[in-house]
Amino acid sequence: MFYATLEGLRRFKIPHKFEFVSIISLYAQWIREGRLNVDSSWNSDGLKFTVQDPCKLVRQGLGDAVAEDLRYVIKKVAGEENFIDVWPRLSNNYCCGGGGGALQAGFVENRRKYGKLKFDQLAATGADVVITPCHNCHTQVLDICDFYGGKWKTTHLWNWLEKALIIDGSAGRAGKD
Amino acid sequence: MNDKAKNQKDWEPKIIAFLCNWCSYAGADLAGVSRYQYPPSLRIVRVPCSGRVSANMILDALRSGADGVLVSGCHPGDCHYISGNYYARRRFAVLKNFLEFIGIEPGRVNFSWISASEGEQFAEVAKEVTSRVKKLGPARHLVKEF
Amino acid sequence: MPTKNESITQELRQKARHLLESGQVAAFLGYTSGSVPMVMKPFVARKPEDAERLEWNSFCVLNLANYLPPLLRSFEPPRRPNDPPPEGPLPKVGVAATGCWSRNMVVQVQENQMERERVVIIGISSRGMVDRKKVLNAVNHAEITSVKEEDNSLLVKGPGLEEEINRWDVIRDNCQTCVHPDPVIFDEMIGQLQGDRDIQDRFRQVEEIENLSAQDRWQWFTSEIDSCIRCYACRNACPLCYCPTCFVDDSRPQWVGKSREPVDTAIFHILRAYHCAGRCTDCGSCESACPMGIRMRILTKKLQKDVLDLYGTEAGMSIQQPLPLSTYKMDDPQDFVLTESFKGEKK
Amino acid sequence: MSTPKGSVLIVGGGIAGVQAALDLADSGFYVHLVEKSSAIGGSMSQLDKTFPTNDCSACILSPKLVECGRHLNINLLTLSEVLSIEGEPGSFRVKVRENPRYVDVDKCIACGSCAEKCPKKVPNEFDLGLGKRKAIYLRYPQAVPLKYAIDPEHCIYLKKPGRCGFCEKVCPADAINFKDTAREHDLHVGSVILALGFRPFDPSRLDFTGYGQFKNVVTSMEFERLLSPSGPCLGHMERPSDHQEPRKIAWLQCIGSRDINKACHGYCSSVCCMYAIKQAVIAKEHSESGDVDATIFFMDMRTHGKGFEAYYNRARDEGIDFKRARVHTILPAANDNLKVRFAGEDGKIAEDEFDLVVLSVGLETDPQVMRLAHELGIELDSDSFAATSCFRPVETSRKGIFVCGALAEPKDIPQSVMEASAAALEAERILHPARWTETRKKEFPPERDVHAEPPRIGVFVCSCGINIASVVDVQAVTDYAWTLPGVVFAQNNLFTCSQDTINQMAEIIKRERLNRVVVASCTPRTHEPLFQETLREAGINKFLFEMANIRDQDSWVHQDEPDAATLKAKDLVRMAVAKVRGDEPLPYNSVPVTKSALVIGAGVAGLTAALSLADQGFPVTLVERKDRLGGHARKFFRTWQGQEVQSYLQELAGMVEANANIDVHLGTTVEDVSGSVGQFRTMLSDGTEVKHGAAIVAVGAESFKPRQGRWNYLYGKNPNVHTLLELDQRFIKDDPGLKGLNQAVFIHCVGSRVPERPYCSRVCCTHAIDQAIHLKEMNPDMDIFMLYRDIRTYGKREHLYQKARSLGIVFIRYDLDNLPRVSETSGRLVVEVKDPIIDAEVTLHPDLLILASAVRPRDDVGELSKLFKCAMTSDGFLLEAHMKLRPVDFATDGVYLAGLCHYPKPVEETIAQAKAAASRAGLVLSRDAVPAESITAVVNAQKCTGCSVCTKVCAYHAVNMDANSQKAVVDTGLCKGCGACVAGCRSDAITLKNLGNEQIMAAVEAAMEDF
Amino acid sequence: MLDNKDFSAWLSRLSDSHDIYGPKKTRKGMLEWARLEGGQLPDPEPGVPKSSIKTFYFPQPETLFEFSARPKKEDAFRLHEPSRHQNPRLLIGVRPCDARSVVLNSMPYQEDPYFQENRRNTFLLGYACSQGCSTCFCTWTGGSPVGQDGLDILAFLLEDGLVLEPVTERGEELLEKAGSARDLTRAQEQKVDEIRQKAPASLPEEMEPAPRLREKELMALYDAPFWQELSDSCINCGTCTFLCPTCYCFDIQDETLRGRGRRIRYWDSCMFPLFTLHASGHNPRGEKIKRVRNRFMHKLKYFPDRFGPLSCVGCGRCVRDCPVNIDIRQVMKELLAI
């Protein structure tokens, strides 16, 4: 929806006043502004995080800026030292292999074959968690992790943001388990 | 007198080097600027172009007592005078084979291409030529004596 | 039945007489015989009746091209150096020419020493010329007072001597290894063209020396030339050596000492040969003229071999083909260049 | 406008600035050349070799720099920046800030002792940080001026006065000046030329390249330094990570070019394809192991320049792997190697590992330059290059300020040099009334006639501070010199080149009545002119001089062997004395100039050149073989920028016809040419004899018409098959028939880049695409297919290509093995071609088939080239004197070329080249006499055999056979003194003045003397 | 009479105080002068060696003096005598024609210290010719195959040894040291007489051209038409001149080498382009025909006019080795016919 609207307006040169902003950039902005207070001390076990740059959001969508924001948020949330970047990265990151309807249309074998590249890339990081800020990527990364025997946990970003959130700047975290 | 000097153990060869003004002579200068050290055997004669060097000149150097000769010019294509080194290349190719044919030792008469930016290469060539000549010992074959 | 050379002699006389009679040429350059067996006299027939003195046999060893430019000049009206050339066509000269001689004529045309239009060339495909020294060796240097030639043999006579020698055995080295016996330019032919000869080891003499060590090569070279008396017969018999002042005659600069000293003699022979590089047709005149039996032809043969190997050309094969040392190709071989061989060594 | 100023400011000391400076200074204008760094030379000085000739860059550039540095009428302002420019054409006030060098340039002798002692190592920007230099440094070994400079950023003393200061202590010339300060100059000039160049694109912005991440990913400029013998690894080609020689190298094209995505540079940088090929070729050559695998990843191979396509073909034959693929990512691999993933044209993913990856980075404008342009009011285009137009290729938006080189658009060296001359011409056009008003001229006393005197030789032995004296026993050498024959004076000096010693030397020459001088010091290449000038000041001919190089070629290279070095110094002095004894006074040759020009060909090039000269007051004879002006351009519709050609052409022709200085001969050809630079005499077919000082050949070319053979494509058989120019004709007539068409197909490279015509015609891609766009704009519903081999819309023309694609024009690539097939069924055209992307045959039914056919040289160019003794390429175009640095000169002095007879090119390049040719011709026409070489060949007619070897080996046609005497004669106006004839002559009949065999032999013999 | 063994022994003794030379066959089969050591004997081939003996009188080159080319050295421009050959030379197997050439050359070189010094220092032991060769004609020139002119000792070769006859005083002195000489047997005496008789007869009939040529008018000979054809075939090489024992023209040159110099005298030939070339560039003998003519006119007219005999000893070397068969005998006949 987000990308479809963005690209539609762009390609057909439809005049508009929309500004396209990802929630991720807003998270980052709010963290920078101090409106969201996050603290990575929860991650005392040193869970390692890595990331998937969704094509529609980054490469074809809003570009490197949003991907940098994504990393900024993860580092804030999980701790600077616990983030391991992939290579290639940002706009140049690999596609998850599940796009273009592949997840829905039933080409399972092909999809997993394309996904092998993504799997190898993510596995090479040794991360415990892969952040996938796109539902489509999420499902694909989840599937290839399962299929190829990955050890990581595939999640969205907010799951962890919530863990690191400091309510009122003082009394512990919300939803601490 | 000359021979006596040559029989001494600390014999240092004298090598006449005909260097073209635009490339190899400049390369020799650059070797100096860069302080690349090489044996003090060369006696450089500056000529406008390797195409200026004739067989007669090379033989004259040997006849005068040079232990070796080096002729060096611009790399093919770099000639300041468009094509001088191309003609030189043919003259020298034929001459070098010929001199070796009549028994002049390979290494007595040498040719190289050295550009103005190849200071180190110049020093390398100077060393190589000197060591070749040293191995051969003092020139005798075409040295005029009286 | 006349021998081949007798037939050629007849036809040559006929053609020369015709050329002289008809006024097509002012003179005809050929050979006549003289007082010593096996030595022929280059001869200029100036009148039709002179043609009868022309003779062709296996002892015509000197290259007639050598005589052509001065002979042609002798028929030009005298003029000062900067006077314009005389108007109208100049007298022509007829000449007999074998393969190598004709190739030297080509070189002379290329080098601006004569005009092709001014010579009428009677081509003779060469069967090879006899080396007088080989004959002398064959009879152990006994005195020879007469030699009679058949197509394939020589009958040699002297005080207490009578011997038949196989002709091919005493043919000059250059003729034995000759690849191009046919004239490359001619106006008329006597006899047929025989085509290029397939010689497998035309450079064998050169290769044998190449295979020696440097020391042995020097030994060979010096012993070959040590008898040289600096008479310059080799130079003067050579159609390439037409400089009014040869480098040996120069005193400013003094390239080479003028006397009989080993180094100077060596340099004379090196430079004389080198000056022929790419121009020499291996006609063998130098060697034939040498009174001391020096085989200086091997030097020019070596140069001929290298020029052929390196640049793929042989002298005088056509007027259009450039002389190899006055031209170049971008990708001429340069393995001999130290800085290039460095590359090779490291490979 | 009142009388303009006779001086010009040039900003930027790269090859373009230097060329413009030399052109102007040599034709009567005073030049201020402002360079930001400590030495001129620009980017070209950093290159190893140049394409397509593989010339050594430093070797060919250096002489120009030295000339610039020594020029009496060029004021070199290094370490300087322009602050402001006020005023108008003819009179600009310029403020320049000259930053402190901290080294007195009058004193510095560039011995390098300072840098040797300087403790502070700094990354060397000249090597792009790959190597180190000191805080006191020389920008590069051949730097001009050859003076050290202190980098205040890093100098320990300047940061903390009192500390360090070693350089000051060791400097033998007392040249260090820590108190140096910035100076401001107010310059008053008539015109300004901006030659600010480019900077290489910084690929760290493009993360996929891994640049900055992986050590073995380098930019192409860095790789130049790695290849260069003067670079950080002395030409050994090492990769940065482990200093091993790379065995397998990849080049990635279009890094920072043709990339509207991340690099934001939509334009093509024009030069990268060629330099990548060059680097690959050189890497293979350089390699010590001899087996370097080179792979070039590219989109379109753009080898559209003269000799480029042949270079490309040769590179392919030599085994360089060209992969048409866009690389996705560089991945790290073991041993610091790099893995490259790419999709081939077949769509298959492949992977390859390399030791080294070179990023062929594009050219962009430096932000500092953008700021300066902004401050000066110079408009930049959307790509941040100086905005120019096709008809005014070197004019900026501000009148009187001109631009040349890569500042206006990415371009190669010859194009930059051409524009530099063109910019110089524009300045001259404004300022010509003030020619020679501000220039200086050196005056010398009359020379003493020394012919009859026996040699009286003076020997000056230089200590060069301690540069020589610390190794060579200079006193012993001086004493020794006294004993040599002919020597009547010998002296040792601390610095022979210092001003006071020079003055003293002049006095000694007079007092001792010396008639020969030997200086034993450094290299004649830098110092000979200085000492020769001293001889002239002392009233003797400057050719009575020799140098013995006892520094660069002795003391500096035998530092640990003082005895041997001293012996060698004596030998060198003895050799120089032996040589100088034979030196004779030589004439300062010159040829008086007929101050008018002949321009052959009245196309755009000829018209422009004629006008450019006539506007400066030089009479011009313009010869055109056809009976009207305009040439090839009469068939053009518009430039790639959209300007209409015909109206421009009419205007141009009108101006020519109206110009009283131009004498037009229509329907006329050149019959015969004699004479040489300054004094040509040309016979025209109409019987006129023209005397002229210079000539410009602009005879154009023609369009290849594929009437038969392999490239016919039914041309001339089906009425709907056109060449580009024929379609232009229909555009010019505004043919309504074009609007209703459904489909058009263009076939590129018809008759270009094929075995019988192996060059690229350069203009056709842009032309065809522009036509396609025009068709599409006329009728947006028209389907248009471009069948191409490589799209070569170089430079800013790339935007057209992008536009065409965005308009929906379809591009299908073909290659020589798979040519499009054109047939006809019942009058309708059928085009079949294989589309490699979809891997399928495509059948098209165009209403219009346009053949982008080759530009081919005219057949009669050969005749003309013979008349002017000019060379031709194997393709049949005229061959300039030097592909890189003399793009509009012929090897024959005084003859210049412009336009299509040189090589196919668009109208803007033709105009620039025509102006450049006019500028070069102006060098001759602006003076009363042109200097000619003094050291020339001379024939001894008595020895000459007339064998003509000399005439054959002379590259300048300076030796000819005298028709009467049949002896060689030398035309001293043409002779350059190379001596190829001398070495070729068997009878020593031809020799070089002062470089004859006797003299060289005297030196050789002297070298061998026992003592 | 010495048998070969004693002869060899004698030579061996002499070689302590003399440098001995004689004709030997080279590896190329030709007879040439060679140093004989340790009692080596010359090869008893008939005919003359390739080179004449003028090399010993008129060395190629002769250093006249040496000098330093460095004016500021102590020995600056001081001329010094070259170190000269010390031992006297003995030439063995000299043919009478060659020996006679020394006498002829001595005429113009009467005052030449170098030539005369060499002559003093050189002893000639000649071998009488028992049979002329086809190219020999000494008898025409005033010589004889058994002539004594110029020799110190004349020897007749017999099968078992040689018969030695002293000709000069110094020859006699030399012979005294030969020691073990034996008297001639009758047969040997007869043999020697036979040689004396028969040898001249084996040669062409005497013509005595010298007096006849002296009588001829110079210009008539000079303008004779046959010179043209002669010069047509000549290649102007120096073979005839350099092999000729009586060609004595020389040129002089200074040579420098590594700071030293010397003045040398070396053979010149009237065939060569530098011969009589003036400093102005003019050469009175600039054309081939003039050079060819000069050689023969000098030998057969100018020399006899000045000194009496022909400047030719009839050794036949030029006839034998001229590459174009120019035959001086023919020339003589042509001249005599005028």
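Each chain gets a letter, A, B, C, D and E, in the order it is written, and its residues are counted from 1.
Note that contacts are C-beta pairs under 8 Å (C-beta built on N, C-alpha and C of every residue); 3 or more make two chains touch, one makes a residue touch a chain.
Worth saying up front: this structure is predicted, and the values here are computed from it rather than measured.
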Given subunit A and subunit B, the chains that contact each of them: D
Out of every possible chain pairing, which has the most C-beta contacts? B-D
Computing the C-alpha centre of each chain, which chain sits at the greatest distance from subunit A? E
Chain occupying the most central position, where position means C-alpha average: B
Gap in Å, rounded to a whole number, between the CA centres of subunit C and subunit A: 91
For subunit B and subunit E, what's the span in angstrom between their mean Cα positions? 46
Distance between chain centroids, defined by C-alpha means - subunit B, subunit D (Å): 32
Check each residue of subunit D and list the ones that touch at least two other chains. 942, 953, 984, 988, 997, 1001, 1005, 1008, 1010
Would you please write down the residue numbers of subunit B that are in contact with two or more other chains? 2, 56, 60, 64-65, 77, 83, 87, 91, 121, 144-146
Using the touch rule from the top of the page, what residues of subunit A touch 2 or more other chains? none
Per the touch criterion, the pairs are A-D, B-C, B-D, B-E, C-D, C-E, D-E
The answer for subunit E against subunit D in the complex is residues 69-73, 256-259, 281
In their shared complex, at which residues does subunit D touch subunit B? 53-60, 62-63, 112, 141-142, 228-230, 234-235, 523-525, 549, 551-554, 556-561, 564-565, 567-568, 571-572, 575, 881, 891, 935, 953, 955-956, 976-980, 982-984, 988, 992, 995, 997, 1000-1001, 1003-1005, 1007-1008, 1010
Would you pull the subunit B residues touching subunit C in the complex into a rising list? 55-56, 59-60, 63, 76-77, 83, 86-87, 89-106, 110-114, 121, 124-125, 128-129, 141-146
Subunit A residues touching subunit D - in the complex, by the definition given at the top: 64, 87-92
Along subunit D, where are the residues that touch subunit E in the complex? 482-485, 942, 1005, 1008-1011
